[in-house]
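What follows are several structures.
Both of the next two complexes hold subunit A, though its partner changes from subunit B to subunit C.
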Partner chain A sequence: MTTVAKPATDEKRASRARQSARLAEWLVLYLLSILGAILISALLVTATGGDWQSVVGALFDGSVRNPGRWGATLGAAAPLLLVALGTVISARAGLVNIGQEGQLAIGAAFATYFGFLIGGPGSVNIVVLLAFGAVGGALWAGVAALLRFWRGVPEVLSTLLLVAVAGQAVAYGLRWQGLLLAPAADRGNRNQVSEQLGTDRRLPVQTIFGNSYPISVYLSVLAAVIVAFLLARSIWGFRLKMLGRNPRAAQHSGVSQNRYGSAALMLGGAFAGLAGAAMLAGGGFAFGNFQLVPGFSANIGWTGLLVALVARERALICIPVALVFAALRTGSGFVSSTGVEGRITDVIQGLLVLALLVPPAVMFVRDRRRARAATTART
Partner chain B sequence: MGFFDAFFDIFTSDSTYLAGALFAAFLLFAATGEWVAERAGTINISVEGMLLSGAFTSAVGYHLTQSAVVALLAGICGGLIVALVQAEMSHRLSADQFVVGLTLNILVLGLTGFLDREIAPKTKIVSTWEIPLLSDLPLIGQALFGQPWPFYLLYILVPATAWMVYRTRFGLEVRAAGENPQSADVSGIDVNKRRRQAIYYAGFTSGLGGAFLILVQIGQFEDSIVGGRGFIAIAAVIFGGWTIRGTIAGCILFAGALSFRLSIQGLGYQLNSELLQSLPFLVTIIGMAFFAHRVRPPAALAQPFVRGLK
Partner chain C sequence: MTDNEQLLTGAGEWEFSPAPLVELRGICKNFGAVAACDDVDLSLYPGQIHGVLGENGAGKSTLMKVLIGLVLPDSGTITINGETCTIHDPLDAAAHGIGMVHQHFSLVEPLTVWENVALGDGGKLDPDAVRNRIGELGDAYGLIIDPDARVADLTAGLRQRVEIIKCLRRDPTVLIFDEPTSVLTPDESQQLFKSLRTMVASEGKSVVLVSHKLDEVLRTTDDITIMRQGRVVDRMDTSETTAPELARSMVGREVSLRAERAALGHIELDVATDVVAQPTVTTEPVLTITNANASGPGGQRLLDDLTLEVHPGEIVGVAGVEGNGQRPLADLLSSLLPLDNGTVAVNGNAVSSSAPGAMSRAGIGVIPEDRHDSGVVLEMTVAENLVLVDPQRVAKHGVIDHKKLTRFAEEMIQEFSIQCSGPHAPLWSLSGGNQQRVVLARELADHPKVLVAAQPTRGLDVGAIEYMTDRIREAAASGVAVLLISSELEEILDVADRIVVMSGHRIVGEMPRAGVDLEHLGLLMGGANA
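Presenting the complex of A and B:
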């Protein structure tokens, strides 16, 4: 008995050692690449005559430390998370949707238009407004889906080009009073602005220790849990994954690429549109005054996309990543007071994303190399 | 007076062709390299970032030396830096090419915006070379042969690229890497190396394109100066069915939409400004909707190659 058991425990011990070595490797890689990104950012700040310590201080002040700021960070994280979730869904089906910025703008425009059109009692208004935001985003992504599955236009490009069109479409809508423009009396001295949402059409706000944030924060976290569950545990999620991994095999086993692909793309757009509607109805914190203006989307679509990429398409990981990116965003307003150009946060963000892409890629290459070495050793 | 008069005016005015040629040339600089990269199997969406980075470095180069040649070389370097990151990350480390490209675009946008405020390079449009006789041709003479000199680089670059891709061993290997990487690998071609080199080439031509933007077309670096035209260049390659002739045709068509916007205002006609702003993108989308399914992409386009998988 003992002679049999002994090699088994050896095997176990060896595999455990291998696993912890792998974990250590992951950690070291992540640490090194994040450190590299921070180092380059610090060098940039120093090279342009700034002081990197004060920049870091300002970032923390703006995102967490100063009174009321972490509420603002939470408020900014909610739409980022929503956009990221949509991206995760379409990416799971193997589709590269990079037009969230436009889908978000159209969603916000739909929410504005229908939010004023439909009058109902209290909370119904809010639900309707959010729902139409999602519909708007889905329709805009639907254009790309139609082009992809009917005309064979790569969705990478069509979603991207539609961003430019969406911005202009919203600006066009803001020129006509029948569409989005506010009546002359409510416009003040601005010429392209929508009517302000009434208090019965705004998202309820929660205040804790002087930090207030709209309840879209809870909604987005709930959505993250639901998306994570559906993708991991439902037949629908499995089919999406199959489509993403091997479209031909999926087609053969009865998963229609047209149907599931379009659904995934449009759902991605719906989440972006929902984020737009939530920004509109949540307002106040980082996103203006409960009214639509040109350039309303304010890069939330792009940043949300980055969140999904950094989280490597896992819905729950998106939550902490969205918080980090929201903190960079709310902190950036404070950076300019240190004499360093505020756009440094865009650079930091880009470098961070690039750095976080490195470890998984390196691990993949190393694993392949090891596997090849093992097979050649065996033969 | 009416719609057709407006069209007639636009098609008979020299300025339309002049502006159109500049837009087409700019797109073509980017699209030529992008075409090579796509033939090797990469949809290189960081071409936008390469153009922007090339424009910025060339502006800085000109600012420092007041020499257009140095500015061109600096532009090439700027394009190559982005290409290096894209190629190493997507075809040595096998990170997803779209993810890398998108991140690079955003990073370059932030970085050039940041550095532009710090450095604020001063540049101007370089002198015009009129080619005798040819520049006297009606309508297109000035547009094709009366431009600032970096424009004429295109007359060398495009045929040279076509020759390289279709007529050299290197070009054959590049195309093999894009069509059937497994077979290419078996026959001794280092697939990922060829793909990386194709991306470097895209960086080279896009860097030239960025420099062209500064030295010929606009004359001054601005924040987000490229404004999505890199994506139109990618669309031109797809529109052109991954052939050089089609790519040139696509560039000319999309450039027409871009310059239409300018010339219709220049001639005093009124049209909704939002429609005009989005016209190039709409034309691109509609053009692709009609032609994208008629052409055959390189078989392994956008598929990473890892030896032993698949």
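Presenting the complex of A and C:
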């Protein structure tokens, strides 16, 4: 056995070398594809008669440089991160939840309804509100879970289609005073709007150097750390991964697909619903005025899904990615002032998503090819 | 040995031209760093059955893929009828008169025999002509089959006939058979070999029989090429060699253990000298399956009133032709197949067949037939795969202790000699044999009461087979009730104490190993009534 020791360290050294080579490969791929995305974006701006330098300048002004802007960016990043975390959990169990936009809307509606129904002192009410937001989102995803594990309806379809239903359901609720609609006196000149949350029922706001953001920012980062830990270290996370990678092996090992799968899908919904409730109670950038309106979810659900996709389903990586996407969002308003259509940022966002998805795809194909070469060589 | 000598010593009663039909020279093929074929020569003569013998991974399949155009060699030449040519794909090969009957069939089940045979034809379809041709070929080679039968209704042996007819219809001069007997009953194998002999004897075709079983190569071929680790290590005339000599040449060392001989398909079936008659079992059975019925999603029968008992310390071999319910049986004991009715009990306590993991919790360890299907998670590490079933053993308060996990994995890696770069190597980076050891280690780590081993040695090389068989015997010796499901009769005869036969998704017969009646066994496997 003594002779075995040396080759083992050699092997370790070799594997370390392989790993750093791989890391370099990753970095180069990411750099190239992001550069490519930026280049195409710049070309697009120039082609539509704009000046790419001023567009970039506006993006930076809008997201970080101007007074108070990075606070707004943080505020936008928080719900994105929450949605992304939920997506990561569902994906870990091999489930493709793409209905966050609807789960988020239902979460916000639950938060509105039960927040006003239950009342109570402000600080308690905030917790009630967030909790019911999560419950709403979970129940909405639960519909998809039920269909999936009871009747075998693919969750990709059901979650997506439920987005449309959620939008209509919330709009319907906003037409009835017994549900979500505010009393006539508080409506002002709008006819589909909920009551506004009282000032003591909003998430506390922190202000640093003139940048204000609700504390949901901290909550979401804390959630990211907890989710990352649970997925990486807990038996629950271990079983979830097993289920996602090989459902039959999981079944043999005692992991109930119904139980774990439903839980993962509903947790994904809960996070989206929580994001909706946090948007309602946090107010701030582009999320209305502490009241529910049609179209409240404002694409945060879709974008949060993209965040998880780009972060390749790793909870901690979701944090920086959420920030980048939030910055694109907050910056887009400023782009219009340069004479270029503000929605160019949507295109940039799309290109960035594609760019960030290219390296994993390339690596996947290469790994597969290597693995196949290795197995063919063995047999 | 030169070609001429081979001609002289070859089976002289068949007429053939002195020139080889097909000649491979210096074929090399590398996959990554591994040489699957290393400077391989092979000559095929008309009127001869040529055996290509070797262990799993010896390069037989790669060589045949070169010949059929599925793999392009890195170097080397192929000469057909004296003409050097390159074979780019199977169509090229067919144009040169080379056809292959693959180990795994590629038939369309809902279609009839003649439809399958005509599949891929261009132009106008003439059903009657196809039917007639099937009849002619059937008569000529003893491959009688009803052209209007649905393939889904056919046994594996008959399906193989369809494959062969598909191949013969193009009138090939060279026919390659890749492990043709793995899905056949002993009787069906005999018939197949008779047909092969007809092909070479009456029409001067050349047949290549690729196999890892000594006995069938000895019985059937005229000359033999033996491969080991990508190289040709020997060429022999079948009439001048013996089983031990072949085995030695194939494995590269003296083969003595019974497990190894069984693995090579060579065992003195009627001389059961070292089989000790088991004392009549008086203990209570550990595993009891009673009247188990299960059906698939389409309503097809998967298990038909199956009843089975396994006692502590006993190895029960489940013999049978593949596809007769062995897989559902293993699935049932892996908590992967809920029963329609019937019961499974361990030590008299009923175990739910629908609750995930219930079988495993009840003390049934399973080495599945296809480990990638339910045995391992390829993307997870070796260590993680070792605790799939019972992560609690390395966890505290629901949180996995990575130090403990690593330590446990290192112990297992040591104890079961798993070759890997470390406990945190992804499972896919391991070879098949070592992946199998991971499964074995995990399933034995829990000290199971019952061990189910489904085709545990398939695809393993001889050394690995010996290891696996030893472990199974050890488990039985320590009191575990072992259920060995195998389509390799030799393996069952080698290891089992008691043999049950599966056919038509049920148990059709049973006999002790000591008093085994091979003819009866073969009949049972073929579906004859007990």
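As a working rule, the second predicted complex is superposed on the first by the 347 of 379 C-alpha atoms of A that agree within 3 Å, B and C clash if a C-alpha of one lies under 4 Å from a C-alpha of the other, contacts with A are read in each partner's own complex, and residues count from 1 in each chain.
Here is the rule we go by: contacts are C-beta pairs under 8 Å (C-beta built on N, C-alpha and C of every residue); 3 or more make two chains touch, one makes a residue touch a chain.
Quick caveat, the model's predicted, so the values are computed rather than measured.
In the superposed model, B is the one of subunit B and subunit C that contacts more residues of subunit A.
When both complexes are overlaid on chain A, the residue A:309 reaches subunit B alone and has no touch with subunit C.
When the shared chain is aligned, subunit C comes close enough to touch A:254, but subunit B does not. With both structures placed on the common chain, the touch criterion links A:161 to subunit B but leaves subunit C unconnected.
Of the two partner chains, subunit B is the only one that A:169 touches; subunit C does not reach it.
Look at A:44: by the touch rule set out above, it reaches subunit B but stays clear of subunit C.
When the two complexes are overlaid on their common chain A, residue A:151 makes contact with subunit B while staying clear of subunit C.
Once the two complexes are overlaid on the shared chain, A:350 sits against subunit B while remaining clear of subunit C.
Common to the subunit B and subunit C interfaces on subunit A are residues 371.
Only residues 11-12, 15, 233-236, 238-239, 241-242, 245-246, 248-257, 371, 373-374, 376-379 of subunit A touch subunit C when the two sit together in their complex.
Across the interface of their complex, subunit A is touched by residues 43, 45, 85, 89, 92-95, 98-100, 102-104, 106-111, 113-115, 117-118, 228, 231-232, 234-235, 238, 272, 274-275, 277-278, 281-282, 284-285, 288-290, 292-293, 306, 308-309 of subunit B. Put simply, subunit C touches subunit A in their complex at residues 30-34, 36, 56-57, 61, 334-336, 355-361, 366, 368, 373-380, 384, 388-389, 391-392, 395, 398-400, 402, 421-422, 428-429, 431-432, 459. Remark: subunit A residues 44, 48-49, 96, 98, 147, 151-154, 156-158, 160-165, 168-169, 171-172, 175, 302, 305-306, 309, 341, 343-347, 349-351, 353-354, 357-358, 360-362, 364-365, 368, 371-372 touch subunit B in the complex.
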